[in-house]
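In order of appearance the chains are A, B, C, D and E, and numbering begins at 1 in each one.
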Amino acid sequence: MQMNVPMLSILTFLPLGTFVLLLLTPQGSSKLHRNLSLCVSLFVFLISCVILKDFIPTSIPQFAERFPLIDKWGISYSVSVDGISIFLVMLVTFLTPIVVLCSYKYITKNTREYYGLILLLEFGMIGTLVAADAMLFYVFWEIMLVPMFFIIGMWGGERRVYATIKFVLFTLVGSLLLLIGLIYTAWKASKGGHISFAISDMHNVVLSTKEQLWLFGAFSLAFAIKVPMFPLHTWLPDAHTEAPTGGSVILAGVLLKMGVYGFLRFVFPILPTASHLFAPVMIILSIIGIIYGALVAFVQTDIKKLVAYSSVSHLGYVMLGLFVFSLQGFQGGMYQMINHGLSTGALFLIVGMLYERRHTRLMSEFGGLAKTVPLLAIVFMVSMLSSVGLPGLNGFIGEFLILLATFAASPLYAAFAASGVILGAVYLFHLYQKVMFGPITKQENEKLPDLSFREAIIMIPILLLMVIMGLFPNPILKRTEPSMQKIIQQVNLSTMQTRDFSAALQQDQGSINHDR
Amino acid sequence: MTADVALLLPVIIPALGAIIIFLLSAFFPSRAFALFITVAAVILGAVFTHGWNNSYTLFSGMLHIDSFAQISALFCFAISGIAAIAAPSYFKRMNLDFGEEYYALLLAATAGMVIMVAANDLMVLFINLELVSITTYIMCGMNRNSQKSTESALKYFVTGAASAAFMLFGIALVFGSTGSTDLTVIAAQIHSGNSGFSTPLFPLALLLIAIGFFFKLGLFPFHAWLPDVYEGAPTPTTGFMAAAIRTVVGIVLIRLIVDLFEPGMPSLTAIVWWISVISMTIGNLGAIRQNNVKRMLGYSSIAHAGYLLIGFVALSSTRLLGAEAILYYLISYSLMSLGIFIFVGQVEQKGESDLQFDSYRGLGLRQPFVGLLASILLLSLTGIPPFAGFWGKFSLFSAALHDGYTGLAVIGALNSVLSAYYYFRLMVNMYMKTPDARETNSSYVRAPLVTTGMAICSVLMIWLGIGPVSIGNFLPSVNSLWVSIGNGVSVLLH
Amino acid sequence: MTVLFFSLFAGIAVIASLCMLTRRTALGAAISLVVCFLAFAGLYAMLSAPFVAVMQVVVYAGAIMMLIIFVIMTVDTEEEILQKERGTMIGGILATIIMIVGICVYELALHTAYLKPQDASLNGTIANIGSLLFTRHVLNFEMLSLLLLVALVGALVLTKQQKKKTEAR
Amino acid sequence: MDRQSIEQLLWVIPFAPLIGALAIGLLCALSPKRGSFPSRTVVGFLACLGPLASFMVAGGVFLALGKSPETTPVHQTLFSWIQCGAFSINFAFEADRLTAVMLMFVTFVGTIIHFYSIGYMGHDKGYARFFSYLNLFLSAMLILVLGSNLVLMFLGWEGVGLCSYLLIAFWFDDEAKAIAGKKAFIVNRIGDFGFVLGIFLIYTTLLKNGPSSLEFSFLATHAYLLAPVATIASLLLFTGAMGKSAQIPLYVWLPDAMAGPTPVSALIHAATMVTAGVFMVARMHFLFDLSPLSGQLVAGVGIATALVAALIGFGQNDIKKVLAYSTVSQLGYMFVAVGAGAYSAGIFHVFTHAFFKACLFLGAGSVIHALHEEQDIRKMGGLLKKLPITGTTFLIAWLAICGIPPFAGFFSKDEILWSVFNTWGAYGKILWVLGLFGAGCTAFYMSRLVFITFFGKNRSSTAFEKIHESPPIMTIPLIILALGSVLVGFFGIPEALGGSNVFASWLTPVFGEHTSATHSNFIEYVVMALSVSVAFIGITIAYIKYVRKPFIASEPRGIAAFAEAAFHVDALYRIVLINPLFSFTRNILFRVVDVAIIDGAVNGIAKLSSVSGGLVRRLQTGTVRTYLYYFGAGAALLMLIVYIGKW
Amino acid sequence: MESSAYIGLAITIFFIGVFGMLVRKSAFLFLMSIELMLNSANLAWVTFAKVHGNLDGHVYAFFIMALAAAEACVGLAIIVLFYRKRRSVILDNAKEMSK
């Protein structure tokens, strides 16, 4: 069904190659650095578009490549895409040129390193998503950490060192336990004494409930830190606040999703029983995250911190959607991930634009900007509405599906989660009012340049996507559905639940009748 | 006999090289020539290990030359070679004479190491271990201008001599129990169960030997010398010690565990478990609080020794997974620690070495290439994939998990997080802090040879980690590396 | 007879070594040690190891100890203050523990009947040992010679006074 | 036009204004020098084009539905919107007779107000932006009305909310206005919270009995399945309606919404958007029918709102605020009607209210325009002479809202009161009495407004001579709307008065026969007479108070002050809900939980490691003999372990 | 004579050496303690050689003497070096590096 060209490898390694190439260029020529990285990232995006075009909506992994790497440990270089990863890959390739473009003015020092690291990060992210081997996944997973560490630490704000070390240590605690968990599972999945890290083999592993619970602890710690779920979120505001705009965009846009992706790829298929046992805890944590993130976002004075906490809230929805184990929830979660990547990414970009203009991120320093920068105000408005989940924009689809699925599972949970809809409006409209509306109180704000051509080029594709995805979600939903069905099957196998919540409810009904 | 000589060439060449340099230094002192001889001897020696493909027994069983010895010897040569090319810059800066003797000592130690990895006799082991140790005592004290260097030599000598005495007494007791020092004979005796194996003195004797090795690895509670000695010794020496001695002792310990400890002293596993846990924790906690980079690396190598022991916990004569993991880990660890030590030393100026973290401020940006190499090494030390350091830890954890030591693996993993703090701290200083004005005097000294050494280490970190294909004979693909490690270790199975 | 000699030598060895332990001056300790080593030589002779016994006298009691004494006298060291030293609690406690362990080991060594009866045929003459040295143990022998060379040069390297001037070699 | 072609053209109704909005927006955004291009004429033309087109197609729909013998709705599916497993939502429009009524008056009033705005906003800097928003609003409103399923309706629902926000905060450089906009959106969101949950409940309940859908047609036929959850579901939906239609306790946003330009108040916050709640309840009538309890609650909330708002209206001095509270009050009546199951009465009131309230607002706008943005009625007076057209139309609308026959308000309000009277026995009677009282109040405060504004002496700061009537572009819409206020009532002449109640029978296919008319005509006459006389009483009192005695602006005292402060409801909300929540968040959640506990734990672990690191360093004394102690102790310990462990 | 007596003596002397190593501060005394320990090991070697009739023990005893010589040589050199720096041979004075 596919060509012989190793599309995914090209997609993955092109950024790495450019990273190396960039390192060979002289330090001063920042124009070369950014144009080169822009071209490459655009080209990567094109490749990913080709992949998307040829993607067939089934649950079968596609564009698969396999090359044994370490036979001894059953590790191979094995990549493929399926419905879970394809759109996250697209998100990565879509956001990277934007991140490159948005850094043109902001990054003036060490451009070679900066753009190189962005591309390295892209390499890591794509690799994580396309890896079909658990160890390969892990390798890429950790590779993502390094450029982010440097990006925050080298181009960040005042407390960048604290933030980046916190980010690294937080992430490492989780990921090293993940490593242990993966190895353990791989041994369990071994056939005839030969350990195997192929994810497909891992999916067939049989684990006792006790093992599952422990492994769930290890896996979900790693992924929940990355997501981040409620009590493990404190690295995020710091990292976001200190990171440069591009870093924040990637962090919020893609890196956080890796946690969710991990749940989809590993936790649910491998540990179905434990997932079900832990579901109430995870759901409650997600709901706390939704409400807590929103409330705490409201009291922030730093715009970027506000947006950062809003991520906690949004990702709470995603996790909530996953842990109700129904197709709608999974699909909604998936969709919400992409939405969050776009809307929060856009918000961070806007915060960055404001920062470039005023060199502050304190809400009190702004006010009345809609008058001086009307176009920016429009862009901000649309991004905010997308984030709030206004119907017609992308955010709605995800939230709606998630809440619907949650309601089907438990109306009470849904009621609590839906209160986040109100709170989301509260903090974002509060932000918008403080920044864009009201009289101009600071003299500096009276003569700010409006959206430049470059900035418009950055924002327009995002805004268009928000609208398109809000009105035509089906092209995406259709492609992710088979894979989601498959996970649902895997996760619900142990508890004899069926995949679609409709069917699940019917079965409930049936059993009630039967009892009677 | 000629065949024997040919087989012994990897030992003879460095030994001869050492003697030649000794002689030359007395009459025609030339550092460059000494370096040349050293490198040549190392390369030649490495080339001649090619003959070690098959198994041979030499000197009535005292040496077992086999593929295990081959792969180990190759790395001994690699380490010595890199340690050698890193030295000139240091000696020049420190304004020291006797540079030639350094190379000679290095070669003598190499010869000793090569014998050790092939040794199948406790006394051969001991004598050569002493050769290596005494050589390093001297190398530690070579920076005579430095108070610290002298102190380091003194401390190393004092503790080292004590450990040697313990070990020797242990070997004597083993000899008493079994009537032989030949490992094969001892193992056979233990397995036949008719000899001193059943005597209660035997485990104690083994313990005394083990203590000697634990000391050399720097494991708790025999670790205390390590930070001081590492800090005080001339940095190339520190690198050599951290890399070479650790590797050789570890490799020898594999043999000993398989032939001696595992059958003769089953309770050792539990002890090793605890020592491993405490060592990594103490090493990491100690390193967190250091402001001196060299000392930090010293503590961190205590922690690394702790990781290494994970492999020993998961090692026995029937399950060689641990052995493979240890071998790989040693190879990777020795290269990266050597690389990082020679990097660290390049900031040193004449006089007392005081390598504060602050001294590295902004270095990564001023010296981008060196910075990149150092970052690779640091990431590898932390255990960030895809570098070899990660795969070392991975294989250790994997071996431990295979044998059911989940707790140990988890503790190891959590300890890695601690270690990330101080390794990343160095990168933080290199990239994220601007240098103070007063720090100008301690800037990095460019030295092509040092950079080459670092580059070799870094490239190997990548290639031994994920190299998909073999390039020539000396850059194996990761798959073939594991195959040869597997083959090497399988020799140990009886 | 053997018991008498053994008791004599062993007694001397133990007393001499204890003497070494308690001498205030390093020189005194060194002299005690020489006595101890000589007693050892006697024991070796009793164990039909004439070569070792001779070597003990020549190398150990002679060369090594002479070297140590020579250096002690060169360095002209200040004397250790034993009073203070005895006060070190840790040392005392540790030493006690170690003695207990030692007694355990001792007990083990004495009360286990693992030792085979002695082999009377053994004769450690210089000829026998010499032939072993150059056949079976030639490797160790050679390495030891290398070691001695290293030690020699090392001692030289360490103790030679640094030249004041920078050498441009 | 035949039915098929109308079905094909249904999409034009919402999309024509949308296209207008986008076109204006893009023109405005892309113009190199903002403000100069596009010219106001072009913008005005573009802005009116969309609503006009919608109105025409809506007329076509209306005719098609009227003509056709079959009463099945006109339906057009554009595309499948959300398709996820069994859950499927189409982007489809559907118009039945209820929709047609809504479409007609929304597009009609909308178009008129667009024309009016050309005049009213003529000198505003945000001219183009205003029309863009207004068009967008119309589009959203039409989607709300036309959507064939609950989710699409929700899209329109939120869309109008957004536009309402944008338009309230139109003059955003006034912080109070910006805050008012935000408040409107957030309060609406609280309602939406219930709405969404209601949708979920309906969907999942239906799901238990087989395939489920949120299409209205499907819901109508499967409503019986919803019986077990009808009360909860209907109340959840009603929560949404409470937000949108400003019912207690969520009405607080509407008075503040008057911060927006007056045409906005007329269109959004009087005629169309705020009645969306009523429309939704009517649309979901089959659900409300299933639960008498929720019907009673709805009516109860409605009457309470009607009364409270009317009482607050007594004390208001801002011309628009008075109208706003009257809107809240009238909306209460509408909910009384739909709560009582008299859906057609409710919708009829929505219909008539749209005309007279729009007329009132536009009239008020005209006054404000003439007085240069003066809104305080205490600074007006005697304006009838200066603003004859505005004044006359205002008076007509006033009579309509007071319920004086034969103006439109009379018929619709009377129908509501009559149907309440007929329902639920005692409860209905109580509601009726209260409603009657409310009607009296309405008459009073509206008359107060009219008398103070248009009669008596001028108290304005503007020189009386300089006050001019508004231009024709503003007055013609007023006249049209005033005509409407007079005429539209005749669609619903009750049978007791010899009419045939065209309106009710038009809606019969939607709501079914209203079967509660069991009383004799006589009682109906009495009821009618009572309501008319109550209205007259109200007007008379106001006349005595404000015309006979000359009006003197004074500091209000007692109840008047209380009413002027809108019963301090906002303050109450702030003190009881908002402030505690946010101070809890700031002081407990953020400072304690986030910073102190969670981050404290994280930093604590780091600190702990550091402290233990210090301990490890303490072990390292630096003297080699200590190391030897460690060595010896370690060796001894290990030997002991081995010794004890073995034997 | 029982060989265990010799072994007992060897162990006694060994632990006297350990004791000396721990309690004496002088570097010379340390060196001598080490020599004592090596000697006790030698005694063990020779005894065991006798027990097993294996002459290797003698050879090794000889080797150990050589080794001890080398060690003493280097050790003394280090002590002298240290003495030059510190004018002391007390081990406790070597505390430049700590913590």
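To be clear about the criterion, contacts are C-beta pairs under 8 Å (C-beta built on N, C-alpha and C of every residue); 3 or more make two chains touch, one makes a residue touch a chain.
Every value quoted in this text rests on a predicted model; they were computed, and no experiment measured them.
Considering the contact criterion stated above, the chains in touch with chain A and with chain D alike are B. The central chain of the assembly on a C-alpha centroid basis is A. The chain with its CA mean position farthest from that of chain C is D. Of all chains, the one whose Cα centroid sits at the greatest distance from that of chain E is D. If you tally contacting C-beta pairs for each pair of chains, C-E comes out on top.
With centres taken as mean Cα positions, chain C sits 30 Å from chain B. If you average the Cα atoms of chain C and of chain E, the two centres end up 5 Å apart. The distance from the centre of chain A to the centre of chain B, each centre being the mean of the chain's C-alpha atoms, comes to 42 Å. Annotation: 77 Å between the Cα-based centres of chain B and chain D.
Of all residues in chain A, those that touch two or more other chains are 169. Along chain E, residues 7, 14, 17-18, 21-22, 25, 31, 47, 51-52, 54, 56, 63, 67, 70-71, 74, 77-79, 81, 91, 94-98 each make contact with two or more other chains.
In chain D, the residues touching two or more other chains are 617, 620, 622, 624-626, 628-629, 632-633, 635, 639, 643. Contact residues of chain D toward chain B in the complex are 609-610, 612-617, 619-620, 622, 624, 626-628, 630-631, 633-635, 637-639, 641-643, 645-647. Residues of chain E touching chain B in their complex: 7, 10, 14, 17, 21, 27, 30-31, 34, 37-38, 40-41, 44-45, 47-48, 51-52, 54, 56-57, 60, 63-64, 67, 70-71, 74-75, 77-79, 81-82, 85, 91, 94-98. Residues 23, 27, 67-73, 77, 110, 113, 135, 138-139, 142-143, 145-146, 149-150, 153-154, 160-161, 164-165, 168-169, 172-173, 176-177, 179-180, 183-184, 186-187, 195 of chain A touch chain B in their complex.
Chain D meets chain A in the complex at residues 29, 34, 79-87, 91, 151, 154-155, 157-159, 162, 165, 169, 172-175, 178-179, 181-182, 185-186, 189-190, 192-193, 196-197, 200-201, 203-204, 207-212, 581-582, 585-586, 589-590, 593-594, 598-599, 602, 606. Looking at the complex, you find that chain B touches chain E at residues 123, 127, 130, 134, 137-138, 141, 144, 147-148, 150-155, 157-158, 161-162, 164-166, 168-169, 171-173, 175-176, 179-181, 227-228, 231-232, 295.
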